[in-house]
Amino acid sequence: MSARYGMVIDLDRCTGCGACMVACAAENNVPPAHSRATARTGITPMLVRRLSNGTPGADAREAFIPITCMQCGHETPCVSVCPQQAVEVDKATGIVLQMPQRCLGCRYCMTACPYHARYFNWWDPQWPPGMEQTLNPGVSVRMRGVVEKCNLCHARYHAATEKAAGAGETQIDPLDYVPACVEACPTVAILFGDLADPSDPVSIAADSPDCFRLLAQIGTDPKIHYKTTQDWIRALADRNSLRSHSPEAQHV
Amino acid sequence: MSEIALLDRRWITRGVQRASAGRFALWLAPWFVLLFLGAYAAGLCFFYGLNQTNMDNRFAFGLWIFADLSIIAMGAGAFFTGFLVYILKQQDLKPVLNSAVVVGFICYSGAVAVLMVDVGQPLRAWFTFWYPNTHSMLTEVTFCISCYLLVLILEYIPLLLKNRQLRKIPAFLVFEHQFHKLVPGLAGVGAFLSFFHQGSLGGLYGVLRGRPFAYRQGLAIWPSTFFLFILSALAVGPSFLMLVVATAEKVTGKQLVQNSVYRKLGFISGVLLALYVAAKAIDTYIWLNITSPAVGFGPRDFYSYWPLSSLFLFIATVPLGLLPAILMIVPVTARKRGCLLCGAVLASGGVLLNRFVMTVQTLALPTLSFDSFLKYTPSWQEVATFGGVIAYGVIVYSLSYRYLPLFAARKGADPNASQD
Amino acid sequence: MTFSRRDLFIGGAGIAAGIAFTPVPWKLLGDVSIWTQNWPWIPQPSRGPVESKRSVCTLCAAGCGIRVRMAAGWPVGISGVATNPITKGALCPLAFAAQQLNFHPQRLRAVRHRGRTASWNDAQAAFQKACQDGPLLIVDSRPGRAASSILQAFAATHSGDYRVLLGQDSQALAPYAAWNGVATSALGYDLENARTIVSFGVSLLDGWGTPGRFTRLWSEKAAGRSDPELRLMQIEPSLSRTAARAWRWTAIRPGSDAALAAGLAHVLIEEHLVNPHQLVPPQTSLIDAVAQTGLSAETIRALAHTMVQRRPVVALACGSDPTIAALNVVLGAVGTSGGVVLRSNSRVLEIPVEPSTKGYSAVLLDDTIPWGFDPQPNAEVFRFAAWDGGGNQGDWLLPAPGFLEALTDVPAAPALNAETYSIAQNLLPQPEQVKTPVQFLAQIDSTLPPVEKAIQARCQEIFHAKRGVVFGEQVVAVANFESTAKLEEQLRNGAVWVGEPRHPAPWKCALQQWPSATSPWHSADWSAAWDPVVLPPLATKLYQESDLREAPARSNT
Amino acid sequence: MRRNGLVFLVGFSIALIAGWAVFPRVLYVSRQQPLDFFHKTHAEKSGLTTCDSCHVLGSDGQFTGIPRNDICTACHTDKLGTSPSEALLVDNYLKQSRQPQWLIYSQQPANVWFSHAIHTKRAGLSCAACHGNYGESDQRKIYQQNRITGYSRDIWGHSISRLRRLPGDGMKMTDCENCHRRRHVEVGCLGCHQ
């Protein structure tokens, strides 16, 4: 049976510490920023963004929303646009994966992604001398000129598969496959699991009425769910909830 | 100096007057400067990567894609004129046919060159042919553009071989003669290919489900932008061709084609433009009232940002759509060369604006409700590369005009005009 | 037979046609593409056996349990240890890239004397000379380690002074220690049993204390709930990360914490919201608090009422402000469950270092995190550091082991409610040219024991006391261990010893008078002098490649 | 006209010879292994007849690949024979705890993830299915490296046309794909790339 890995991210628990971002970068051999890199040219497969209710003074409210690849399961926008099959939805795991070695860097997938969860390597990756020894051996380093994104820590999936094969098992142990961001979250805001398994905690959590998905109406069946009990966060992040959205409420 | 002039003289078609070698060199010099600057900028992008541009993860497409889409729309005159002349037998358009081929060749080769700079890994670009994703509009574009560029090269070759010196080689003469028989076939193939990729360039954005501003429902497998792009390219192709020829006339000070050709081109352009505006209006209505509300977006999400507000929509439809159509159709205005050219300029501007809106505004508009409107300014490297392509076009056209019988078929044009 | 130009043409055409039927164009096309996939200037991970080791992070005093993935002998990934009873698997953002730190461009790899490279022999000679010239001061930023006891012993035998540098979290506990004559390190907050926490600008959710301790507590008991089990009331001028996520946020004017604490104490006592006690209420009135904080009297009253709705309640301070400590006395949060508790019996009083170092001719700083220091001009300062970052003033800069490069033990983190002890293994070999202060001093005084011995002695103490539990792969009570060696082995492999939770007799607070806000402890507040620490290069994700955090004042990369 | 044809043919043939015979010699550069190692010798003299005597697949599924020194030292505590290669191994590597920098014929690039555990344990493939009979080597095998890609020639396969190939000759992606197809194994890009 094939899995559909997904997440439920509890926005009420996210403190915006950024541990997920650093853990993600370290796990996936993402280089430190080039000196000229900005928030719009950096590589942050996991990116925590601020939500603000836009009110000044004592009524100001802030929350944080981790944005990663939503692993769209239906009409995946980035898959159909790639001219050379560098993006595909993995049948066994449901992971939308990017093959940087196949990519020609046309960036069409980036324009196709409504979540801006794809990142282009504007620079060749560089580490201070010697630091390349600390690279994760499970992930190859990307070169400049290609697009990359969250592959749900596929190296950990590989390791889990290999471990299972070594032990003569056919299925991986779910405890062996936990993406870096999920593991890193100090407030346990991210729940990860198999959405295809109705008994998985993540499936149960995703059914909660407090859960929503970003831009669900577009119809791409994203597998990252968000959860909040705060009305203002829901209204701000979820177009479906109330049509209270206004373009003036900008990301700060 | 005189030796060069003599050499230059020997390559110019017998019996036509061209400016002196010196004047011609003077005319070309600034364009060559621009071309080298563009080549330098492109070299920087190859060597250091695309960090030389001001594009970023959010503005993943920038000036170059806008340039590509525009250039290719402008080059539509090539296939359309060929189609009119060879398939629909509109022989009176024959005088501009050669010009159309050169313009088409310039536009397509220029666009491919820019695309090669635009991709992050040009050395892997051939993967598209080896591992094509048949669902991708970009695959369709890549295949059609490269095939059509091949067709244009094949169409350009016989024209090249008409050069005075090259004609001296008998093999070339025979080849040219034989090859000529193929041209109508090529025009047909070209029309087909070009038709498709003009459409798939539109489809490129129309399929973007994740960008409600660009996303359109469609007919069969193509979104409506597919057809709109074809129509707008058909409409603007003759207009742009008209502008090129008129510019050539202005620069050289000679009348190169008869007024009737202009009238005809203008009329075709005008009618198609009117059709396009009508189709676009229907499409916009459906999009704003059915397509985008279905995914939770409304006009407010698209048109509440300054400066890319609904004003753009108005400008693109009325002053740059309906107005030029009227100018080029209504006999009173169409009879006046000035009005006709004015119409052509406006029509071209309208299509440019449409391409700009589709490429740049699509990316500038937020999709996530907590996101903001983005801005992007191209870097000098991007502008220079774009400028380089324009310079390349001017240079190729000038050389073609000087050494090839571009307007050989013209009748009644003044053969004694003295200037280049 | 002569060759004409035409032959050349046709032959060339033949070659061109022929080439198309050879592998040349196709193989080259493919190989060039493969070349772009393996550009020689793009580093790739080294290959080698991968193993997982447990240890303890030593970047700060929190001492979080870490699991280090080692490939070919190098650390390539760091993650939390879920079985760690304190952090419960959480780490701070920086720890996840800590393996990079040893290769930081600012890593110190040689002895430096006033900006010039020098040798260890020079440093030793200079140190011995300075010690002969006058008294020695040893400043320890991580008191309580095995190494600390060695440093202390050295200071004692060489007629020097041993002083400690209290971190921010410890400083907040200093007033209670002073009023009750206990060691600061013996105190902690029992947040685990509190139901209301009033935080005066403490970054509880953003790096305070041991990562994971409060964040997991908050996540379980408070996050997202309108009526949480644990109420976090944040009092802070700006909407910080903690304020944003707190149950209630009250914005006050900067610097008015003491006034608000006094105002709250007024209300609590006047309105009999707390049990009567001997503490004299503050001299200042509620009006003063209103004037200084910018809050209305009603708001302050309401705040006081809300505070005590759910008890136990404890107030937390950022620095050593005694008024907030006094507020805790008023609240009855001192010496009770859910408040400020005594976590050990330690009566060893650490003497905090004074900012000026009068009268010393040699100052030895054992500090792995850079901080600013302003010594007397005539003192020769010997500073151990792994990274040359921030305030590295000092005559001698001595390269210390970096991350995972030295064996050290880790005492209980500040503000924890229980005693803990763990050992950070040196998973990496100590580089040449790098020495710990103990190794340095051992060359002068050969009677000093190595750190291994001192750690062994600590383990022996724990073993013989038969108290507490060791959290390793399994949870085992100390009483069940066969020998000290077994205990030490467990600890060396990343296990944590946790002393039994204690319920000491509520200590009577000796405080009678409301303290004045301008207390002597304020002068010992080093926080202003702290420069940005050397960050792992991947921290750029937080401040450069996203707008999540403000960029550090000074770029270290 | 005939002359033209002849000249064309000459050009054509030159290209063919250059492309098929000269080009491969230019494309690859030969490199020397640090030591001579013969599988056959080890099998005959020490009775290490199975691959996993030295190439160990751990219980966690990790494959050690070319043995590290500790496995060699299990036998070569000191020189056992008279071969100069062994002397080199013992003196220059084992005694100095240096790992020989072997050139790996089947070395895949960093972006490939290959699990020996999955292929040998789960699929039950023999080592020779991919590595050919290299386990019986009794003579020096030249390591040829592609000048452009840096890959071992064994990845492409010895034959430049890739038409006549023996098992274990060729470890390109298409070889993996073909085998997967034959065995009806369906893996996406993720299955083999990292």
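Quick notes
Order as written gives the chain letters A, B, C and D; numbering starts at 1 within each chain.
Here, contacts are C-beta pairs under 8 Å (C-beta built on N, C-alpha and C of every residue); 3 or more make two chains touch, one makes a residue touch a chain.
On a predicted model such as this, the values are computed, not experimentally measured, just so you know.
Central chain assignment: A. Criterion: smallest distance from chain C-alpha mean to the mean of all protein C-alpha atoms. Across C-D and A-B, the chain pair carrying more C-beta contacts is A-B. Taking each chain's centre as the mean of its C-alpha atoms, subunit C lies 49 Å from subunit D.
Separating the CA-averaged centres of subunit B and subunit D is a span of 52 Å. Remark: subunit A and subunit B have CA centroids separated by 39 Å (rounded to whole angstrom). Averaged C-alpha coordinates give centres for subunit A and subunit D that are 38 Å from one another.
For subunit C, residues touching at least two other chains, in rising order: 32, 35-37, 44-45, 47, 50.
The residues of subunit D that reach two or more other chains are 62, 109-111, listed in rising order. Counting partners per residue, subunit A has 38, 41-42, 49, 101-102, 124, 138-141, 143 as the residues that reach two or more other chains.
Under the touch rule stated earlier, the contacting chain pairs are A-B, A-C, A-D, B-C, C-D. Those residues of subunit A that touch subunit C in the shared complex are 10-13, 15-19, 21-23, 25-27, 29-30, 32-33, 35, 37-39, 41-44, 47-50, 57-58, 60-64, 101, 124-125, 127-143, 180, 183-189, 228-230, 252. Note for the complex: subunit B touches subunit A at residues 49-51, 55-61, 118-122, 124-125, 127-128, 130-133, 135-139, 142, 204, 207-212, 294-297, 300-301, 304-305, 362-363, 366-373. Of all the residues in subunit C, the ones that touch subunit B in their complex are 29, 32-33, 35-37.
Residue ranges of subunit D in contact with subunit A, taken from their complex: 57-62, 109-111, 113, 115, 117-118, 121-122, 186-191, 193-194. The touching residues of subunit D, when paired with subunit C in their complex, are 3-4, 7-16, 18-20, 23-24, 27, 62, 64-65, 68, 109-111, 146, 148-151, 160-161.
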